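In the two assemblies presented below, chain A is common to both, partnered first by chain B and then by chain C.
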Partner chain A sequence: MPSQWCPNPRVFPDSGRFCVPLWLSDITCFERRLRVGVYWAIAVRSFRRFSTYRIATASGAFTNTVFGFILCGIYLTLWHERPGLGGYDTADALTFVWLQQGLLMPVGIWGATTTGELGERVRSGEIAVDLYRPTHLLLWWLSVDLGRAMFQLLVRGGAPLLVGALVFDLKFPSTPQAWLGVAAGVFLAILVSFGIRYLVALSGFWITDTRGMEQLALVLSTFFSGMILPLVVFPGAIGAIARATPWAATMQVPIDIWLGRNPGGTGSALLFQLGWIVVLLLGAQLVTSVATRKVVIQGG
Partner chain B sequence: MVERIVRAPSQYWMLIMMWVRSSMAYPASFVLMLFSSMVLTVMDFVAIVLMFSHITSFGGFSLAEMALLYATASITLGIADLFTGSIERVGERIRTGTFDAYLIRPVPAFLQTAADGFALRRIGRPLQALVVMVFAFSRLDVDWTVARGIMLVVSIAAGTVIFGAIFVLGAAFQFVSVDSAELANSFTYGGQTLTQYPLAVFGKEIVRAVTFVVPLAFVNYYPVLYLLGKPAPLGLPSWIGLLSPLVAVVMVALASLAWRAGLRRYRSTGS
Partner chain C sequence: MPVIELADVSRAFTVTSRSGLRRTRREVRAVDGMTFSVEPGEVMGYIGPNGAGKSTTIKMLTGILVPSGGSIRVAGVDPSRHRLKLARRIGVVFGQRTTLWWDLPLKDSFAVLQKMYDVPLARHRENLATFVELLDLRDLLDVPVRQLSLGQRMRGDIAAALLHDPEIVYLDEPTIGLDVISKARLREFLAQVNAERRTTIILTTHDLDDIEALCTRVMVIDHGHQIFDGTLDGLKSSQSAPRTLVVDLAASLPAIEVAGATVVKVDGPRQHLTFPTSTSAAPLLAQIAANYPLVDLSVSEPTIESVITQLYNSA
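Up next is the complex of A and B:
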């Protein structure tokens, strides 16, 4: 479906109200006039949508904090037994814990509500409505995901990190350039993760039961992102392989940028992330166009 | 009251078999999900094995001893999660008002909530933990007696009940705050992560907290210490490892009081 196509209100009088989820309903008139602005509007509304689940967010942040303390206890022991393990000192290891807990939800290591919904829409056929919109499918869902990520980064990332910093002596980037590097690293990490999650969601166009695919993605992401243990601790070949995967770019790499521990410096770390983004988003774009050409929705 | 308790197991069995039959409708999919559940939940043990590629002892525990701690933590949480884990979805039912339906059916609301969406694939967690336990005992030199065997089985049952009670307490809290499902994860899944490791490494305050406040130490830590003949921390007597069943009874009493209080508080949805 060409992206320039715009529903004619006279031909499709209901196209605005009928097809859009409730929480997005007020942007359809808007999107006919604006092309780039619409994606910003989507992201802003997605941000607001997630900011309404206050208690759920607070209990999630509490759980991240509890896990942060547990992991700190484990890593303190581990780095006490082996000081300097993986090139980290104890402060690095503790900072890793709180950044890991803070990035878990925003980056969507275990999947995210937004791409989960996309997968559900592919399964149910509601995706037809998304394809009907005069927006690009990938950009639409990327905007939705970025709005979500931004909110979760502020609250579910910020709150545990603040608690961790009050209790432990954590490392923080010291120069404005380092902060800029961190911001770029986290943003790119979200893009890499989105690329993977989008591909998994769209696999539903070819596989009827995508749960297996989702589980596989979950296993790979948990193992290779640095979620079970910092990748610097992975021994030998497993470590080398893990550090080259796209999942490393979603968590280990941005944390190493924060710590200033990337083997080749921040620049090469960002390039590594960019490389995977190009591969994943090109793949995603290809899959989108193939899928929309072959798509057959229930009932015709 | 007595009659309700006597009938409960068969009612619960009927409810969960309904869900088992539905998941068995696609056997290939079920096997795949079971397998991936095992792979996903064994990750924590993989992390421990990876750690031991650099160290030989963690807080005074060897790899085999760590494997035993991991296995007991994972089996107890896994079985509790299998049978009562679904109860955390009660908040969703309270919000939408579908909890009403449970109250008018001739089966206790508790059983219906606990059996809601029973997922047999969750048996993957205790299954992989059982494999780890076999590995642990093959490498450990335990002086086996009948009494010790019974003690291990009873402790695992008690640990399962303690985790189950925590699931129920978390669900009961959702009658007060419907969106707080994730809060209980701190104590259930967080509790599993914590009890996989020798608790003494977390410091005296944590050991006190998980002994006297949230009795997670009785799930596996004290029983395992007793089995391995290691001294208990804080100068506690070593027979503290035999108290798990007692703690389980107390936890069940607390959880049942909390669930009843929550149920009384339920006023259905207003919109």
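Up next is the complex of A and C:
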């Protein structure tokens, strides 16, 4: 057997004399050697899978572009009336619009096909099939989601931004370090968003009808990510709270990294995202263990 | 040494039903006191009516369900405690579900499996070549799974479940919805895999032809209890399902009278008689030939369907 799986046989011998309870053994069960190869292979297949939906991709990118123009009209009016609103100048506001349209699908602000399918599998009980695989549920779906996000970032992210840049005078990062910060910020934004979507999908283990949960997640995500208005325009306590939520880390923060407008600089913005990732992914792993135990012990 | 061992295994579920404001909890035993073992290389048919406890047993054997009582060992380990470890040594096929990547060519699914099960590349290529040959998959490797017919997809799923040389394969209705030719081809393939690789196969099915073609052993369960465990011939002779004798007479006659057999149907000059499996047909024929104008005749054995129906009813 090339890689070992816990419980470590020396610590938890199979004799039954020294065994930890099942629920604990599953939570403490990690691969000793993470097999990166399989998760990479999964992400690559997921990327390829999304690349087969050509017409959907093209029409989606077109829709993003149309909405970009509509929002530019609104934002131009708003920043004409209130110049310097939220510390943004007009170029910042317009760049915000096109980045927002470009990030909408890759980050999965309104949900994504992958985590949507996960929720469906939980509802139908088909999730049991996933437990037959010698892979971790969380890592499997994370790989699937990253493959999707990378494809959508390249195609759905790039196209609207290109059109926007041709029509308007947009801001772009100027140094290689700034581009690196943007790349890191977008990647972390996808992870934060995945953490939230994964938890919503797994709520189906406890709630029979998860539509209410999904609606709530949609509303929260739309507002707190900065989809309606950049979070910088909200004053006082509301603004402070909005900018501290995990949804802020999915869109407002990476856009601010692009614009170079983070109050504490790029480093603190990335740390803020990382903090939420740790919380969400630890929560996700805990929920996965408990949900698996629920299936295994209670029978679904 | 048995590859699968169950000792007094049971599984209960709590069912909550609500009538008005009152909530009642009730315990349902899906599997009760199951004890059996399977030797490496056996092909066991696992049959029973819907809700008999078949999938509950399979889930416990694969470790995704913990038994409420008794003990299970599969390939030397406790399945629920070592689910991930065991997952590398077993293969599972659900006839009505697919584990293949729906929108991608079949070969992509196989490539992921090689990584997933850490199959050495040379071994993977060898296995793939064998299965492509035996299951006639050559022209399908580049076709997206969603474009495959049911029979083609099923062949893909079976190959996917066997690529990592599992010791045990669980097949849940693998031939459901397939045409006669696809079924025959699949059975032939499974028989060959079992013979050449000594793969233990556990087959749940409602298609009794699968059992006749493949299984060296049959287990029948109902209401969570084993009601039969043995060979197919043993199953047939365990029940006193009657044999049928069809005689063609020279003319249409009223129901004939034969000691030891009863007429169940008169159809012009043709009459259908039944007689117990335990009695010989020869004396009956002598009687009929002596007393009636016999033209032609045929004797048929009880069908496996009738045997099993009788078994369910008597349990």
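Following the convention adopted for this analysis, the second predicted complex is superposed on the first by the 261 of 300 C-alpha atoms of A that agree within 3 Å, B and C clash if a C-alpha of one lies under 4 Å from a C-alpha of the other, contacts with A are read in each partner's own complex, and residues count from 1 in each chain.
Here is the rule we use: a residue touches a chain if its C-beta (ideal position, glycine included) is under 8 Å from a C-beta of that chain, and two chains touch if they have at least 3 such contacts.
Computed from a predicted structure; not experimentally measured.
Chemist: Quick one: is A:Ala41 in contact with chain B, with chain C, with both, or with neither? Answer first, second, both or neither.
Modeler: The second partner, chain C, only.
Chemist: Let me test your reading of the model: by the given contact rule, A:Ser268 touches which partner, first (chain B), second (chain C), both or neither?
Modeler: Touch status of A:Ser268: no partner.
Chemist: Quick check for you: in the superposed arrangement, does A:Arg133 touch first (chain B), second (chain C), both or neither?
Modeler: The answer is second: A:Arg133 touches chain C but not chain B.
Chemist: In the overlaid three-chain picture, which partner chain does A:Leu78 touch, first (chain B) or second (chain C), both, or neither?
Modeler: In the superposition, A:Leu78 contacts chain B only.
Chemist: Examine A:Gly60 and indicate which partner it touches, taking first as chain B and second as chain C; both and neither are also allowed.
Modeler: first
Chemist: Hey, what residues of chain A end up touching chain B and chain C alike?
Modeler: 53
Chemist: Which bits of chain C are touching chain A when the two form their complex?
Modeler: 11, 13-14, 56, 59, 62-66, 77-78, 80-85, 87-88, 90, 92, 94, 97, 99, 101-104, 108, 111-112, 115-118, 144
Chemist: Quick one: in the complex, what on chain A touches chain C?
Modeler: 1-3, 5, 7, 14, 19, 22, 25, 29, 35, 37-38, 40-42, 45, 48-49, 52-53, 126, 128-129, 131-135, 295-299
Chemist: Using the touch definition up top, name the residues of chain B that touch chain A in the complex.
Modeler: The touching residues are 26, 29, 32-33, 36-37, 39-40, 43-44, 46-47, 50-51, 53-55, 57-59, 177-183, 185-186, 190, 193-194, 197, 201-203, 206.
Chemist: So in the complex, which bits of chain A are touching chain B?
Modeler: Counting only chain A, the residues touching chain B are 53-56, 59-60, 62-63, 66-67, 70-71, 73-74, 76-78, 81-82, 85, 209, 211-212, 215-216, 218-219, 222-223, 228-229, 233-235, 238.
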